[in-house]
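Chain lettering (A, B and C) follows the sequence in which the chains are written, and residue indices restart at 1 in each chain.
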Amino acid sequence: MNGTSVSTSTNVSIGNNSNDLRQSQQYLQLYQPPQINGDFLGKHIISVSQFNRHDLEILFDATASIRKRLRQNDRGLLQLLAGKMMATLFYEASTRTDMSFQAAMRHLGGEVIAASNGVQFSSVYKGENLADTVRAAGCYADVVILRHPLVGSSYEAAYYLDRLGEQIKRRPVIISGGDGTGEHPSQALLDIFTIYDFKKRIDNLMITLVGDLRNGRTVHSLARLIARYEAVGTTLCLVSPESLRMPSAIVEFVSAHGVHVIETDNLAEVLDHSDVIYWTRIQEERFEDRSEYEAIKDGFIMRPETLAQARPDTILMHPLPRKHEMGTPADHDALDADPRSVYFQQMENGMFVRMTLLAKALGGLWV
Amino acid sequence: MNGTSVSTSTNVSIGNNSNDLRQSQQYLQLYQPPQINGDFLGKHIISVSQFNRHDLEILFDATASIRKRLRQNDRGLLQLLAGKMMATLFYEASTRTDMSFQAAMRHLGGEVIAASNGVQFSSVYKGENLADTVRAAGCYADVVILRHPLVGSSYEAAYYLDRLGEQIKRRPVIISGGDGTGEHPSQALLDIFTIYDFKKRIDNLMITLVGDLRNGRTVHSLARLIARYEAVGTTLCLVSPESLRMPSAIVEFVSAHGVHVIETDNLAEVLDHSDVIYWTRIQEERFEDRSEYEAIKDGFIMRPETLAQARPDTILMHPLPRKHEMGTPADHDALDADPRSVYFQQMENGMFVRMTLLAKALGGLWV
Amino acid sequence: MNGTSVSTSTNVSIGNNSNDLRQSQQYLQLYQPPQINGDFLGKHIISVSQFNRHDLEILFDATASIRKRLRQNDRGLLQLLAGKMMATLFYEASTRTDMSFQAAMRHLGGEVIAASNGVQFSSVYKGENLADTVRAAGCYADVVILRHPLVGSSYEAAYYLDRLGEQIKRRPVIISGGDGTGEHPSQALLDIFTIYDFKKRIDNLMITLVGDLRNGRTVHSLARLIARYEAVGTTLCLVSPESLRMPSAIVEFVSAHGVHVIETDNLAEVLDHSDVIYWTRIQEERFEDRSEYEAIKDGFIMRPETLAQARPDTILMHPLPRKHEMGTPADHDALDADPRSVYFQQMENGMFVRMTLLAKALGGLWV
């Protein structure tokens, strides 16, 4: 049920006893997260690569069900994880991920602990490494939510929680809340659930991702997840400036799973064919040449007049927070009032999806 | 049941699309908070102007009742808001308001979420505006407690939570925890409840407010609330240095509601007639002329020898925290031991009043 | 049941009204914590000096029992402190103490409040003193967990909570989470419980404390607690550099209680006789002469080859967090995999011991 270490030795020789070589990133090779394969119980959730179509279908159904129960004020929900403990370790701020995980756990009757002053002021400050801090959290909790700036940190945490489990005879699980430029799996899961929720399918859709597709963690994970769903008849439109195209490895991965891919730098070409528009920000500092940014930036701002050209049944998504990529505050107000804008529902879905992940990973009675 | 937007357009034109013109303060005109009129359910609580005498009488009764039940360890309280979620957004620190709201929600069986690292390190840091952050909190919670340094921020939050409600088909409420130099309604409510609690009436009292009455948010709100109660036969004594007098608009408002007002810079004139003495701090930095401060400061320090001159049935209140305005630490100890000092009971009442507000606004079974 | 003030006056004259003379440390003389004497109910827990052998035996039994119930997912635990409120005031970070107290309270069905942004950003910032802040917490909570950098702060808090109790007719208790270089009683209690847990006795053991025994709060408290247990036939081995020896007052206290003491600077002399090795860090900055540090430092690093020389039934403890005193990260991994290393179990025991303290001090039904 656990993930398996690639190495067979317990005292894995990681590098040459040098801190430099023990970076979190090494755990991407060292630790292999377990496939869900229809059963979430006791499994770390640190990568979209753990999910297949069937797992996502389970997730969609369970999330819709849990949302319905919550809206009906079904107090039975409060029994599902009663007595279970969640620890949050947020090494960088992320209001939405943080608060929605807390709300999710509490809506299921579970409890939440965190460093009162924020983990950045805590043992870490005293020089403790992640492996030890995550095991401290694991000693007090059944599930640890980790947000960390380093790629691979969630794999490292999973690895060390498995080691801890051997000692305390109880293995806490980790659910990643995002690791640097790596993955943010629960974000990708709430994104694909939101598409399913509004369009009632993932197959036969035209899904358009817009913005900085080279650096955007969110769009990488969502693209990979659509591929893992093996969506039939679906086209993924990738709209970005030439210098910020989606990495070819991801494009190839998606294509290899039967999803048609279109790449362009011109939204107008695909806008009125899109069932889903997923909007993200382009940051000026990504451009070496400022004039290049100036030349393209207006094409990557979603304004009410842009949305006006989309089909009536298109949905506009955004991971939030947003800044200038949706224009002025007045543009925000206008976009928000458009029924095609579903990013607030998408945000709320984040809580429902996380309720499902927690309930299934921790074995709430209902799962 | 909601507050009503003054403008009829959904995409309100706020200024000229300029951030400078979209300041929170504009929402004081744009948004009109709903009158309580005997029914708290589903209403934002952002101003003392929402309350009339009848509403306050309801609040006094309910608060006394809820306090009694809590002291009797009545576990039924834990059912009142079971399954309800409160989010705290504290953009500035306020230990008492923050902790008492948390305790209030939890004593009613409700749950609390907050940004683990403090909201000041969160999305805000990434440049997100209040309208979006408060809607994020609203997506995960039934009630948002907002503390923010800008006047009008609570009105802005109420406005945008109403917008959010149109989208997610569930309207979270906000309860203000203080907005800058604006209002701090739950503080004023706990203050007036404490007067009622000890004196068994608001009518026919002599209530003396002392300190910086020009800048003090607390004393402004309390004065307005006494006026809204339309206290019969009550005198409000306003004791301040000449340069820090209560704004004339508030004095006129209070007088217009039948409360007699006396203004003086000499406490001795009114001390032994006062039923209630409400003490606040004078800050040196409010004086342009330091010599003016030096000349008057000793008259605005409450010391044991000052209190000695008050009547035996007078109560001494203070919103806390306190610094030099109650003398030395030894003065604190002496004042604290005087049975007329009720500021700790006043502080505890803060929790009971907030329990009442939460239970009534969220529709706990008991209300 | 309360502690008794040494002074008979309520308005204790503490110094000459000067803040400088009102330091927390004065309360070590001014306030005498109550002896447990078999009854924890309503008592502050701020010093190991409150415990005798019988109290520790009660604690050991209760902790083993509560751990068993938690591991069996006994939901009855959630009823023990239902409706009770704990406030955490952490003036310095301490992930383990903080999170384990939170988890402990919540596993017993109690609730937890804290300043959302960390207490260091709160009223304290506005210049409020500890006496007032701790009473604010006491107004909203039944138990306050205080971590503070000043010696005597927990005594000061206990003193002022007793004063508060006279006013609000309900006396909250404090449990210390560590006060500066003073005491950290719950750490010492979890340490001695861990010894008992693995060795089934405190009598007839050879317990070796290693590291900076002059400055280490943890080892001071543990040594004193072993003395208070009046362990029969037990030897305490104190291994430190000459300049960092255990204070003679503690050595004399331990000897006077019938525990044999050996002092040495050479671990090799006692390693293979030790039943328990309690490892702590030596900090370079403690040495005036850097060459002295260089000369001895290697003898105070626990490495796998050091542990290899210990007996098979020895246990290796550490209060954590750890840094270079357990070698490189690879050394950590090797030590962690050794079944004699019990510091993770020790850490987990921290939560169980704190559950016992909370349940007993607050009068959970089970005690």
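Annotations for the structure displayed:
The rule is simple: a contact is a pair of C-beta atoms (placed from the backbone, for glycine too) under 8 Å apart; a residue touches a chain by one contact, two chains touch by 3 or more.
Quick caveat, the model's predicted, so the values are computed rather than measured.
Between the two copies, chain A and chain C, the Cα superposition rotates by 120°, quoted to the nearest 5. Shared numbers divided by all numbers used gives the overlap of an interface; between chain B and chain C this overlap falls below half, so the copies present different residues. If you average the Cα atoms of chain B and of chain C, the two centres end up 40 Å apart. Annotation for chain A: residues touching 2 or more other chains are 114-115, 118-119.
Contact residues of chain C toward chain B in the complex are 10-14, 17-19, 22, 82-83, 85, 87, 111, 113-119, 121-129, 131-133, 135-137, 139-141, 163-164, 167-168, 170. By the touch criterion given at the top, residues 71, 73, 75, 77-78, 88, 90, 93-96, 98-100, 102-103, 106-107, 112, 114-115, 118-120, 320-323, 328-334, 336-337, 344-345, 347-348, 350-351 of chain A touch chain B in their complex.
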